[in-house]
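Worksheet: one structure, shown below.
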Amino acid sequence: MLNATNLTLHYGGSQILHGIDIAAHPGQVTCVMGNNGVGKTSLLNLLAGRHPRSGGEIEFDGRKLDRLTAQAMARMGVGYVPQGRAIFPMLTVRENLETGFACLPRSERRISDEIFDSFPVLAEMADRRGGDLSGGQQQQLAIARALITRPRLLLLDEPTEGIQPNIIAQIGRVIAALRDRGDMAIILVEQFFDFAWELGDGFLVLERGRAIMQGPKSDLRREDLHARLAGHATAAE
Amino acid sequence: MSALLEVSGVSVSFDGFRAINNLSFNIGAAELRAVIGPNGAGKTTFMDIVTGKTRPDEGDVRWGEYSRSLLKMNEAQIARAGIGRKFQRPTVFEDQSVADNMTMALRANRNPFSVLGWRPSPSSDQRVAELAAEVGLAGQVNRKAGELSHGQKQWLEIGMLLAQEPRLLLVDEPAAGMTLAEREQTTTLLRRLAETRAVVVVEHDMDFVRRLNCKVTVLHQGSVLAEGSLDHVTRNPQVIEVYLGR
Amino acid sequence: MTRKPFILRNPSVLVMLAALAVFTVAVTLMSQAYGSGAVPTSMVKVLGKTLCLALAAVAMDLVWGYIGILSLGQMAFFALGGYMIGQWLMYARTEAIVATSLAQAPIPPTPLELQEATASQIFGVVGSSDLPMVWSFAHSLPLQLLLVVAVPGLLALLFGWLAFRSRVNGVYLSILTQAMTLALALWLFQNDSGFRGNNGLSGLQNIPGLDGVSQARLSIWFLWASAAALGLGYVLIAWLVGGKFGSVIRAIRDDETRVRFLGYPVEGFKLVVFTLAAMITAVAGALYYPQAGIINPAELAPIASIYLAVWVAIGGRGRLYGAVIGAVAVSLLSSWFTGGRAPDLALPGYVVKWVDWWQVALGLSFVLVTLFAPRGIAGFFDLFTRRRESGS
Amino acid sequence: MKGIDLGLDALSFASIYFLAAIGLAVTFGVMRVINMAHGEFIMMGAYTGYVVQTLIPDRTLSLIVALPAAFAVTFAAGVALERLVIRHLAKRPLETLLATFGVSIALQQIAKNVFGTQARPLTAPEWLEGAITFNDVISISTIRVAIFVLALLFLGLFLFIMKRTRLGLEVRAVTQNPGMAASMGINPDRIAMLSFGLGSGIAGIAGVAIGLFAKVTSELGQDYIVQSFMTVVVGGVGNIWGTLAGAGLIGALSKIIESLNPSNTLAAQTFMILFIIIFIQFRPRGIIPQKGRAAEA
């Protein structure tokens, strides 16, 4: 589905990513992990076409991509759930969902029942403004909004950040269901270790813009991965 | 020891979202403090309130020996009172030389007419040279700030802060975008600075905070979640829950 | 480090002063009054006015190019300066004429009668014969000269204080300055404003007390005065922006929030710069209108202030010589093209008459300059100097 | 009685301001683009009306043709301006102001060259020429009623487009968060172009309406541009109700000041502008300010 190699990225004078390789396959969740400020979000921004890369190759559906724009990526089938959710605050929930119609042919522009089945709260709140929703509701809306575009690759940036546990569990079930459908590749940026370990099929750990650990779940041990992540924070214990 | 800065019961909301929620925070006259917390914990808003950029909805912020309220002062007055702020992204005046940038920051009367009458003197030139040397820009004083590397700009900004001779330094993510060597230099400098004044560092790179080796305040959802040594707070189960590993 | 004197640190100031001196001497030597007569008096007046416009442009550059306020109200200050000096010019001259005609009367007029007769002479055109309050000082040259800087200065101070303290910024501030100009223009357009409504003040080219001096000579004197004013204004502003003050105001232009965190009272700096620029602009106006001969409220049309901004943009903002080059080049070209002297351009099927099409070309050239040469004409000098530096 | 008459006058004034400003509410209010040539788009609309009238003698029919024609002409001009100039000056608002000013003086001069300096007539159909008389004091000319109705119609149209159409949804999404809108597959450039065209097209229609009672000259737009910007700024940028409130305030105010000193409309306008300058001191973000953190940036 997606295969990117040797990605580099600069913001102004500083280099954020140093030669990252990442792949995503249908029916699998690839987790990108690491502490704050290591470049996870930048990597996702790059893949979503929101920031130009300074080097590296990206292949999507077997096609090499040169310059990416966010709207071209969206139309090609990349759904994006940003960190902080980026709900359109003055649009209603329904309108927020409808923004994704831009990716669909006119005849298919409707909100499927599936969406409301997965996130019943959105059906209840359909006519409320996005900005009035709680954080957890906004997160569900952000995921639903990305699903409206019928993506084949879904990019999720810290969907559990600042969300209460029961909603996290629900989000986890939705992601698992999407994965199990088998036709969608998912890249999940996550700091919540248990959540990521549960869902992930492959892992990539970043530190200061470099991959320090990478591989499928079968090749990794939970303890090693956890130690690698928490190592810096808890080494003194 | 009485506190240099005393933040008590401060709250502020944007669009019904509570960015800061009943926050209280003290810092002494010569102290190094790290403030950590996940995104959206209110770290930047906290700095905005102390420096006068954002007015809190309730609470009080008091400063100095006479406990003056900072809430009645504007940004410039607060800066003149002795609070310096380093921004996350280096903001130096790219169009002007390193020396000009530093000269502007030098402690001197700030009113327009005094500035008009200000003339460079041997002592001001020397002060600029000293500061440039201190932040590793000795050979660069006549270069335009815009030509400096990202790390050098961060250094220049720190130099400008030093030129202001503040009693409290607020530093927002100094390590972002720095190389390993630059980080080490920065930690050393911050620790040295904290010997004579208060320094508050907002950072979420744990490694960096560890090297600062100081008291840590953990913010979460706009209030203080834990405070103490790094080891102490990293053992706090709530801190682990919201920030560290989960 | 040893510090060189101000002038030596700023070679562009020296070049500008030298160019101005050469220009003034050359025009004088070719004038009808003092030289060969190659340059007709009307042309001398155009050149003198152009120097005044250049001074206004330099002040505009201070406000826009250095501190970042795109003021669309500069012409209000320019015209106010003109009105203030115009009051004395018109009053004193009318009084002299009235006095001569009344001198033949059997009973010599009292001062009050003289004043009344003068007033009805001036204000008859708007159906009034009383001298309005605002003309109280019109009899006195020193007082009116003081008002030339005081009135626009106070207006700028008041307006700036209101606008800056509420932190109105960017385009909002521009629109607000434009509204200020429009309000002033509308007020002056009224017949009972005390400034003769849309008739404005006229006959300003005749200087009271200098009846024996020919216009040819007067025009040269005004050229000298304008050149001196431009030179002085240029040096003053160059000195201002050369030191730490300049450093601070450029910093305010680039990132005013950051300057606040350095402890500088940003509003105070803006106010000082805005007011000072208003006063310099007013002096330029006070020298301009006696050469133009007439001033009326149409001079304050919003469009006029925008022209000033455009000259600065074309010349190269943030560089004082850019402002001078822009003002001189565009205003001289404009008067050449619109004066009917430029040859028509014959296109296949259509003859472009420059009188009609110059404005179109000018308008489009603003667009091209903003799009493709944001640094203006002065930007091209950079190319030269850079090439020279890299070549050596 | 006098009060009602004054109220009607104020209402028709407000309608005119609203009509002139509503296009700006799209380009300036929503897209945050300063278009100094907006007044010239109004002028182009008025001249389009005049040209149509010279081709179609029947005044009613010509008016019916002129409205869409004016929209088409100015829509095209707006799209061209956005694509050729404004797009390249994104994030440089002060330079946009200057460049569009250049366009403005070029358009004015072109109009002068084509149509001459004399005012051209744009005559209203007979059914718009009379007045509706209630009694001795209160009467209102039909054309003013028509302009009021037109203003209402525009308000409705604007609300319909923004709230009920796909274009409106995309415009709102792009204004609130262009980056996220792009990630939903919306093309922000295309939206900017279309909404700029829409705002300009509305200016064209307003031009036809204004031409019916004002003289059509190349300087027609100049008379409205500053007031139109003030209307939008006073009302609060980014909100059509704000624009309506701004137009209402300015309309009412100018009539009230005028009625205090009926001999002098110029002084009234001066005082109105002074009032607005002072008003902005106290409500720098207008009558209906935009809320939220985004508005502070």
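Letters A, B, C and D mark the chains as written, and numbering starts fresh at 1 in each.
The working rule: a residue touches a chain if its C-beta (ideal position, glycine included) is under 8 Å from a C-beta of that chain, and two chains touch if they have at least 3 such contacts.
Remember, it's a predicted structure, so these values are computed and weren't measured experimentally.
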Steps needed, at fewest, to go from chain A to chain C via touching chains: 2
Identity of the chain that, by mean CA position, is farthest from chain A: C
Between chain A and chain D, centroid-to-centroid distance (C-alpha), Å: 44
Euclidean distance of C-alpha centroids - chain C vs chain D, Å: 33
Centroid distance [mean C-alpha coordinates] between chain D and chain B, Å: 48
Numbers and ranges of chain A residues touching at least 2 other chains: 89, 131
Of all residues in chain B, the ones touching two or more other chains: 15
Multi-chain contact residues (two or more partners), chain D: 292
Residue numbers on chain A that touch chain D, as the complex places them: 48-50, 69-71, 73-75, 80, 82, 86, 88-91, 95, 98-103, 131, 145, 149
Sites on chain A touched by chain B in the complex: 11-14, 16, 35-37, 83-84, 89, 131-132, 161-162, 191-195, 226, 229-230, 232-234, 236-237
Partner chain A, residues of chain B touching it in the complex: 15-16, 38-40, 149-151, 153, 173, 176-178, 204-207, 210, 221, 230-231, 234-235, 244-246
Residues of chain B defined as touching chain C within the complex: 51, 53, 74-77, 79-80, 84-85, 87, 91, 93-96, 100, 103-105, 110-113, 115-116, 118-120, 125, 160, 164
List of chain D residues in touch with chain A within their complex: 166, 169-170, 172-173, 176-177, 179-188, 292
